[in-house]
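Each of the two complexes below includes chain A, the first together with chain B, the second together with chain C.
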Partner chain A sequence: MILIGERINGMFTDVKEAIAAKNKQTIQELAKKQTEAGATYLDVNVGTAAADQEGTMQWLVETIQETCSTPLCLDSQKSSVIAAGLKVINAEAGVILNSTPLNKKTDEEILDKYIEMANQAGPKASIITLTMDKNGVPQDIDTRVAIAAEIVQKAMEKGFDTQRLFIDPIVLPVKVPNAQVQAGNILAAMDQIRYLADPTPHMTVGLSNVSQGATERSLINRVFLAMAMSHGLDSAIVDVLDEKLVNVVATAEMLMNKQIYSDSFLKAYVAANKA
Partner chain B sequence: MILIGERINGMFTDVKEAIAAKNKQTIQELAKKQTEAGATYLDVNVGTAAADQEGTMQWLVETIQETCSTPLCLDSQKSSVIAAGLKVINAEAGVILNSTPLNKKTDEEILDKYIEMANQAGPKASIITLTMDKNGVPQDIDTRVAIAAEIVQKAMEKGFDTQRLFIDPIVLPVKVPNAQVQAGNILAAMDQIRYLADPTPHMTVGLSNVSQGATERSLINRVFLAMAMSHGLDSAIVDVLDEKLVNVVATAEMLMNKQIYSDSFLKAYVAANKA
Partner chain C sequence: MQVPEVAESFAGSVNRVTLGATKDNGGTRTSTVTVGGARNVVYGGSIEDAGEKPVIAMDVLDSRPEDWHDSLAQNYKDVLDSPGDWAKKCVAEFGAELICVKFEGIHPDKANYDAAHAVKVTEEVAKAVGVPLILWGCGNDEKDNQVMPKVSEAVKGENALIGTVKEDNYKALTAIALADGHNLITHAPLDINIAKQVNILASDMGFPLERIVTFQATGALGYGIEYAYSIQERQRLAALGGDKMMAMPAICDVGYESWRAKEAKLADAPGWGAVEDRGPMWEATTAICLLQAGVDIIRMRHPRAVATVKNFINQIWQ
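Entry: the complex of A and B
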């Protein structure tokens, strides 16, 4: 399971304050703690408060890299912010560009642009592509799958390895009226997306979205993650500091026969991830 | 979710001792506690220690019915023990005959016999049928599905409503060498079994089997149950007194849109089940 640690995000108060005060220590501690907890990548999102988003992204990337070699996942809705991060990143061990829809009303060829950016960043640069197009977020299974198929097709046309794609079917909060049905739809979409190409593209979700505004957030996250892993999800942006969540990941991997059972399978999972 | 409480089973020391001492109180408390916790049915299994299994089954059924009207699930590998229980049961609210394979080397027509017994017990009597035949427990997906199809076909031929079938794809302990792969196989089998008939037969598992002999039993049970519910499982024989497990059931039902989200969805689930 490719776990992308979500905590270095300007939407969290501690990170927002650290950005404002240029306090490296808070950021570096979050980088180290998440790596210790089993993060494969660290998400980096400047949030909305910073005036200079491009400069802030560069400061965050440089700050993290001073202390930690865990690959980064540059997270912004603006391609200019991701591009700024790529200028200062060490992408040898990998980097994820997070994220792009298939296309936008104002920029039809946005995925093409991201493929170009990823290729420039190096052979281990991947892209999170949302099953979303100029019409917005789909509300049904079929449109999600159709957009995913277009994404895969476009990658193949460009000679971009489908294993460098992380397809994100977009999880909506169960608390939002009418959105609850989407949780089941996403699992059904995953059942089809996993067979769109061989080798299969990765699939990822921004897990914490599912419980946004809800009670029992960690429980909802854990249950949805276990379900999704049994439908082919092999990556997620998560609170990797939630030990119960990581234990569910280890258990689900074991039950899906991706890790052998031993009496210490929980510890073995985290140890293997750190190695 | 149809939860079948597993605790009244002579394999547990307290129940074994209560059977030996004809101590009604222990049995009746387990019946009440499991009902309170959200059990739809109470499993009743005399275990292996009792000399007179038929008489013990009748004593257990009568003891439970003195205090509690929750429907029972008569659990024995011997049809004579189930038949004995049926003689004294109040089956108006339902009863489950637990369980029979499709056929046995020594008794080819065993499922026919169970259908007859269920019909005699009344219109709300159901049967747990294992995806198992005279060759034993299948080790692959296809044989599980093929046996399930034969079970459904036989029920249809006999005019036995497929909604009175609980198909059990047989969960094996992950700790047993080579059995770990079966967890994933069972989920894949469920994906097909759910479409064998319309209306679909129920699907159930003896959940605690998956973690037999393992560490982290409750965690393994919870994660596998969440996964299985997203593949169509709508019943399970479980430790309903494990509150964390029931919370996972409530969360999974909410995520699969079988219960609407509210901030008190965990309490609402148990309250609705008791009603």
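Entry: the complex of A and C
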């Protein structure tokens, strides 16, 4: 499972304050802690508070890479912010560009641009692509799959390895009125997306979205994660500092026979990821 | 008809482990052996993916073997009482790349020799040959815990391979192997779950995973080889899949297991062919079969079997 640690995000108060005060220590500690907890990538999102988003992204990337070599996932709705991060990053071990829809009303070619940016960033650079297009976020299963198919097709046309694609079927909060059906729709869509290409593209979700505004958030996150893994999810943006959530990942992988069982399988999972 | 290209590539690989330390590295060995490194299944992928060539370790016992069949014992008849000379013969005449000293004689049900005997044998063998050493206890936990730490200490700095540690008896030997700078054999009874668990336990004590070689137990041809084969195969696939707790090179004990087979030694068996041929054939067949599942070090006994298997390895891994 590719775990993308979500904590370095300007939406969290501690990160917001650290950005405002240019406090490197808070950011570097979060990078270290998430790495030790088993994060494969660290998500980096400047949030909305900073006036200079490009400059803040660069400061965050440089601050993290001063003390930590875990690859990063540059997270912004604006391609200029991701591009700014790519200018200063060391992407030797990989980087994820997070994220782009298939297309936008204002920019039909946005996925092409992201593929180009990823190619320039190096052979290990990947992209998170949302199953979303100029008409917005699809609510049903078929449109999600159709958009994913177009994404995969575009990547193949461009010679972009499908293993460098992460398809995000967009998780919606379960508490939103009439949205409760979406969790099931996403699972059904994933069942089809995983057969779109061989090798199959990765699938990822912003897990915490599912429980936005709800009670029992951690429980909802963990259960949905296990369910999604059984439908082919192999990556997620999560709170890796939630030890019980990482235990769910280890257990699900073991039950799916992706990890050989041992009596210390929880410990083995974290130790192996750290190494 | 054109053969289709079916090569698959994998994310993980088998760890490379180097055994033996020369003068430059604080030891007295004249050669070292590196095993592991495969990035594919045996025969799979490109030549570079095959990793290091598997190697043969020849068994030397710490005391005269009482139950060896004549067709095996006669090859060593002048050296059976002298482990040093025995080891020298294996290296000089039969081309052993490693010597495995098996401390049969310390077993309480056998000669019950003490630690001083084991240390003396270890020193004799270390002096007699320059190849790296494998030091293998008798299998009785209590006695091994008394004797093997002394053996380890006697060759401190030689970067030997020492074992075995098991799920319910690993602490003493793991600690001493770590302190003396040796490599460790983790041992499981043909059980992949326990195999992984022992590796985790050793690793928990701070023993580096990169210095572990696994022993899954061995079954000879006709005596459970299919279990050994499938477990070695599963270990290799786990390593290739990126499981760091299963990415170790593997050792198997072909000599001892093959010579337990009645087919290897029963003289009165018309139609089975000459008894002096059957033993080495049994050993060679068992070894070659397991090599294809993905093992890295093979313990062997009969010189003719060793020659056959070496020939096979040299043809396949080149």
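Quick note on the criterion: the second predicted complex is superposed on the first by the 275 of 275 C-alpha atoms of A that agree within 3 Å, B and C clash if a C-alpha of one lies under 4 Å from a C-alpha of the other, contacts with A are read in each partner's own complex, and residues count from 1 in each chain.
The rule is simple: contacts are C-beta pairs under 8 Å (C-beta built on N, C-alpha and C of every residue); 3 or more make two chains touch, one makes a residue touch a chain.
Here the structure is a predicted model, which is why all the values come from computation and not from measurement.
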Partner chain in contact with A:Ala272 - chain B first, chain C second, else both or neither: second
Which superposed partner A:Ile4 touches (first chain B, second chain C, both, neither): neither
A:Ala252 touches, of chain B and chain C: first, second, both or neither? first
Touching partner for A:Tyr261 - first (chain B), second (chain C), both, neither: both
First (chain B), second (chain C), both or neither touched by A:Ile220: first
First, second, both or neither for A:Ile128, with chain B first and chain C second: neither
Footprint overlap on chain A, where chain B in one structure and chain C in the other make contact: 260-261, 263-264
Parts of chain B lying in touch with chain A, wherever the complex brings them together: 174-175, 180-181, 183-184, 187, 191, 210, 214-216, 219-220, 222-224, 226-227, 229-231, 247-248, 251-252, 254-257, 260-261, 263-266
Chain A partner contacts - residues on chain C that touch it in the complex: 192-194, 196-197, 200-201, 203-204, 209, 234, 238, 241-246
Of all residues in chain A, those that touch chain C in their complex: 258-264, 267-268, 271-272, 275
